[in-house]
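Below, chain A partners chain B and then partners chain C, in two separate complexes.
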Partner chain A sequence: MGNWLYEKVLPLLEYVPYVLLGCVCAALIAALIYALVRRSQKKPVQRFIRDTLWGYFFIFPWLVGICIFFLSGVADSLLYSFYNLKLDNGLQLIPLTGEDAMGNTVYTPLANYISVFNKELNYPVTLANFAVSLILQLPVIIAFSLIIALMLNGKIRGRGFFRTVFFLPVIIATGPVMNQLTAQGVSSVPMVSQNVITSVLAGMPEFISTPISDLFSQLILILWNSGIQILIFLAGLQKVPTAMYEAAKIDGASGWETFWKITLPTLRSMILLNSIYTVVTLATGSTNPIIDLIYNATYAVTKGYSYAAAMTWMYTVIVAILLLITFLIIREKKEKKSKDIWRRDVESAKRGMQSKKVRKLLERGKAA
Partner chain B sequence: MAIGGTRVNPSKFHKNQIPLYLYLVPIAVFMGAPIIYIINHAFKPMDELFAFPPRFFVSHPSMVNFRNLFQTAAGSSIPISRYIFNSLVVTLAVVLLSVLISTMAGFALSKMNFRLKGPIFEVNNIALMFVATAVTIPRYLTINTLGILDTYFAHILPLIAMPVCLFLIKQFIDGVPNSLIEAAQLEGAGSFTIYRKIIIPLTKPAIATGAILAFQSVWTNVETSNLFTSAEGIRTLPFYMNTLTSVGSVQGQGMAAAAALIMFVPNLLLFIVMQSSVMNTMAYSGIK
Partner chain C sequence: MSITDMELKEKAKAIRKEKFKKRMLGSADKRGLMMSLVVYVLLVTIAFIYLYPVLYMFSRSLMTRSDLLDASAKWLPSQITGKNYQDAILTLDYWNSLWKNLVLALVPTVCQVFICSMVGYGFARYKFPLKGFWMAVLILAFLLPTQVTSLPNYLTFSRLKLADGTVKPFVITAVLGQGFKSVLCVLIFYNFHRQTPQSLVEAAEIDGAGHFKAYWRIAVPLCTAAIVVVTLFSFVWYWNETTLVREYLGYGHTRAKGLTTLMIELQKFEDSYNTTFDARASSVTSTNKINDAIRMAGTMLAIAPLLILYFVLQKQFVESVDRAGITGE
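Then we have the complex of A and B:
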């Protein structure tokens, strides 16, 4: 089994991005030749061929870039995670082997993945903590940036100044400045985090209280990270047609109602975009402890790149699951809500038609 | 509340605005803290830099950190202007190209119908989730195979295809009404005209955001200089700043603070310029 995997399946992995690139190239060339032939026969080029040509033309530069510089790396890291990688003289891929109960040498392709759990005892805990803190941070960031964006979209003086101030932390968030600031305690709300919250949290079980107290101690840090989200919401708010607000105002809607009935539904796609962006930045940002673990493992003597690659892949799967959950939650709400309103309308209409009174009236009508 | 797509800054102060300020100002103070800290830190003389407990504000501002920085820079074999030039070339190329490529791909993925469209967008989603640190070694091997080590291409090419940028821009292009594009097609516009005359103007906010993101990722990038180049003359400014300040000496700390301020200023300028294009662009979106 392991032998077959190493000889036949794994070496193919390296070619996956190039196969994709090749497929698109081949399709492009085929479409081009077809279009040229049609043209030489003085027949109009079919529409879908034209669409394909333009589509590939527009996507091609990006596809080349992502395939060569990113996807090949992703595929390679998956490949290497099943090997023992040595960079002594050139690149050496050594298949992972182990001994079974009989003392025979067998291939163990998953050895790296298993050893992650053996060597990194707190890896699962770190992952779980990350997931919990992500779930807690996401709504905070989204709500905060939405509120700030709404305020900054309003009629106030010095909007430009405020916008700049709210965005600036993003610019420096990556630098070592952030570490210095955290070390100095600027990033936590001093009195609040120590007294009020700890006393409230004392009664709760630990696995709930720890992430929440973390959330409060990092509150400022979280707010610093929401600059891009504010920017995206601001851009989204520009798309809400002013005529709708005017109409709502004429109908006597309050600001609160306008927000729930007009602003929020219009911004829904932006909320989805922002949530996914937030999850991605939190998951791959430099302040993430797991990234640190992976980075350190890459250059550690006892662990090495293939070990780190195994770690990365496990992490990627978890991030993918989290993203999927986020996506489903926000998506489902949207469809459910619209369906519900629709169904409610239809059902209430039906009920109205078939209520006893109506039926009686109808029957009387028939009788008469 | 102040919702409403207002496009004009009010010229007069109105008392309705007071509650808004009550919220905005305190938060702005917190949000502004890191910037104030950076500026203060850069002007701290040696004794204040290492004061314990550390202080937030500078009490005796001095230029000594900047002087040290420029003296050290003047003493090195390659002039600092070389690094600045390298950084400018690389940053400009990456920002322009990545915005161009992302908008083109976003347009195709959002508004065009062709085969393999779904899988290609999935590829982008995978790239979005993947930890960038984990691809450094394979990326080095790719760059080595292409033979572009120690060239500007080694700085530029790996950073051009930004998955985040594409995702952002694609999501915004989704919001451009199809009827606009159909109308343009009826008028006889080709795909390229639609791209240039409709997509680009209508997604300016997203483009500005993408450009800022791209700029940030390039301007502060030490990795490409570190991994893909070995000749000093081809390396970029952030790398140089890092080497100057990572000496570990006492002076290094002060120079690091000054360098942080210098690296930060272009970011600020870019944002102030881009800020206006994030706003006000949807005003003429054309569909009512």
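Then we have the complex of A and C:
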């Protein structure tokens, strides 16, 4: 059973993207021929067919690319992680073997996944550390970039200058340059007295204090990572309708209230987008220790390609879980959120109902 | 009479006090001085934090050896020297690498902008079967770590003998919409083209323009802001990426001679310095030994083209960010 699975079924995975691409192409060619025939008969081509053809015309290069490179890459990497593959002299696809006492080949699925735990004793610890530092960094980056965006959005002198400076990290914050800077010790703010922080942290258990002290020692790096996030927030802030602010001002709302009641709720989707973006960039950036581990394992003699693929997939699952958590925390809770009876009424009116309270208010309004 | 005088005085005082308070703390319409002060102090501080590494790099790169050792010359070099830059230029083989790097960054960027704009338009404008599925794949491509696909891609390249140190693999991936962070570019364009009024495009079509002409003549000119943003971003991404570039160029395996980038040269800066100046042989006494100033000069040189480009495009960039709606809602 195992052998059959390994030799016949799993390798088929490799062909899935190409089959998909082939099917789409065949369907498109059929549609094209149909359209041409209709045209030669001087009959109008249906809008649906036309839109499909033109839509696929525009996305076609990408479609081919995503099938050849992305989808097949995903399939390959998943497939290879179940085999035993190395990158040394050329490429050899050796089916994963272990021999039992009788000399028969035994297929042990997940062998790579299990050996990650045996060979890479640091791996779970590194993963956990990464998760903790991510959870600590994320709110800092989001809050910081939101504050910067709010300040840049207001009426200030030298706005152009400040914007230029704040987008600078987008341009230069990258691997080698960052490494040079970290080596120079420029990555921490010189003015922050490290002693105060260390003395506070001394009383805490190690697994909390280490990430926090890391957070402070890498403050510049973290702040430098928030260039795109500031961009996203700024673009979001520009879309908040000014009429809303004016209405709030007339109703006598203070700036503080306006921020919490109008700005923040409208920015909610931006915050979600930013968080996801931050998690993804932090997780896949070249300064990430896990990416380094994976990269080294690929070319290591004792580990090899399949092993690295298994590591990558484990890592992907962890990142996916982190993303899911982020999403669940920040996503919009639609029904519960709206305390405003008028808005709730609009929602329920869509479903054909109108709340009693609103009906009463309306009647009173008519009477008056 | 004097009582009313007193009252008036009191009143005036109260009004003045009120005015002062208003000016300091602000009112509903205007921000007060205090608030402005806080905002400016914060902005300047953070701007300094942002500029600090660059300034540090720049001032260090101009220092002489004795200044580096002198603790009193932390910021301003006592004597400005250009020698570090000369050495760094030699080490990086600068003009040669710069030219190669420009080719390696510019050509794929142009392809990327062109293709991503088309793909974004296709997704934004038309309804077609499986559209939801392809959008989901697009998002998935953004979320999955590049490492998942980079290894099999590398194998595909080497099987097809593409990873030969030329610009070919970069162009092929970019033309097929799989360049560095293409997904983000597609999403930016998608979002932007969605805001283009449909009626404009449809009017052009009624006037007899084909679908592609409508895109080229109407939609593209309307999204110059997005084009500026995406061009700058892709150029920066192509310029700064190292791991993928090494794979595409076939480093570690078939690599012999060919294109290189300044970032890759920067990674092996110390080794190339030692070979260039033969510093290791006489390491103890040598005055040639590598120092921070030379390293910083090398780093400055590596990012100099980006800085120049940024300051040239800066105005358009900052303005278009406002309009580009980088955000996907």
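Just so we're on the same page, the second predicted complex is superposed on the first by the 268 of 368 C-alpha atoms of A that agree within 3 Å, B and C clash if a C-alpha of one lies under 4 Å from a C-alpha of the other, contacts with A are read in each partner's own complex, and residues count from 1 in each chain.
Rule of thumb we're sticking to: a contact is a pair of C-beta atoms (placed from the backbone, for glycine too) under 8 Å apart; a residue touches a chain by one contact, two chains touch by 3 or more.
It should be emphasised that the depicted structure is a prediction, and the values quoted were computed from it without experimental measurement.
Q: Given the alignment on chain A, is it a clash or a fit between chain B and chain C?
A: Because the two structures are overlaid on the shared chain, the partners are seen to clash.
Q: Could you say whether A:Ala243 touches chain B, chain C, both of them, or neither, answering first, second, both or neither?
A: first
Q: Which partner chains sit in contact with A:Trp256 here, chain B, chain C, both or neither? Use first/second/both/neither.
A: So A:Trp256 only meets chain B here.
Q: Does the superposition put A:Asn122 against chain B (first), chain C (second), both, or neither?
A: neither
Q: Could you tell me if A:Leu168 is touching chain B, chain C, both of them or neither one (first, second, both, neither)?
A: both
Q: Quick one: classify A:Ile232 as touching chain B (first), chain C (second), both or neither.
A: A:Ile232 sits against chain B and chain C alike.
Q: Applying the document's definition of touch, where does A:Asp51 land relative to chain B and chain C: first, second, both, or neither?
A: both
Q: Between chain B and chain C, whom does A:Tyr299 touch in the aligned arrangement: first, second, both, or neither?
A: second
Q: Need the overlap of the two footprints on chain A, from chain B and from chain C, as residue ranges.
A: Shared contact residues on chain A: 24, 51-52, 54-59, 61-63, 65-66, 68-74, 76-77, 80, 91, 148, 151, 154-156, 160, 162-172, 174-177, 180-181, 184, 186, 220, 223-224, 228, 231-232, 234-235, 238-239, 255, 269, 273, 276, 280, 283-284, 291, 294-295, 298, 305, 308-309, 312, 315-316, 319-320, 323.
Q: List the residues on chain A that touch chain B in their complex, please.
A: 20, 23-24, 27, 48, 51-52, 54-59, 61-63, 65-66, 68-74, 76-77, 80, 91, 148, 150-157, 159-160, 162-178, 180-181, 184, 186, 220, 223-224, 228, 231-232, 234-235, 237-243, 245, 255-256, 258-259, 263, 269, 273, 276-277, 280, 283-284, 291, 294-295, 298, 305, 308-309, 312, 315-316, 319-320, 323
Q: Which residues of chain C touch chain A in the complex?
A: By the definition above, chain C touches chain A via 28-29, 31, 39-40, 42-43, 46-47, 49-54, 56-57, 60, 115-116, 118-119, 121-123, 125-131, 134, 137-138, 141-153, 155-156, 173, 175-178, 182, 186, 211-212, 215, 233, 236, 240-243, 252, 263, 266-267, 292, 295-296, 299, 302-303, 306-307, 310-311, 314-315, 317-318, 321-322, 324-329.
Q: Any idea which chain A residues touch chain C in the complex?
A: Residues 24, 51-52, 54-59, 61-66, 68-74, 76-77, 80, 91, 147-148, 151, 154-156, 160, 162-172, 174-177, 179-181, 184, 186-187, 189, 219-220, 223-224, 228, 231-232, 234-236, 238-239, 249, 252, 254-255, 269-270, 273, 276, 280, 283-284, 286, 291, 294-295, 298-299, 305, 308-309, 312-313, 315-316, 319-320, 323.
Q: Applying the document's contact rule, which stretches of chain B touch chain A when the two form their complex?
A: 1-6, 9-10, 13-14, 16-17, 20-21, 23-24, 27-28, 30-35, 37-38, 41, 54, 56, 100-102, 104-105, 107-109, 112-117, 119-120, 123-139, 141-142, 146, 157-158, 160-161, 163-164, 166-168, 171-172, 174-175, 191, 195, 205-206, 209, 212-213, 216, 220, 256, 260, 263-264, 267-268, 271-272, 275-276, 278-283, 285, 288
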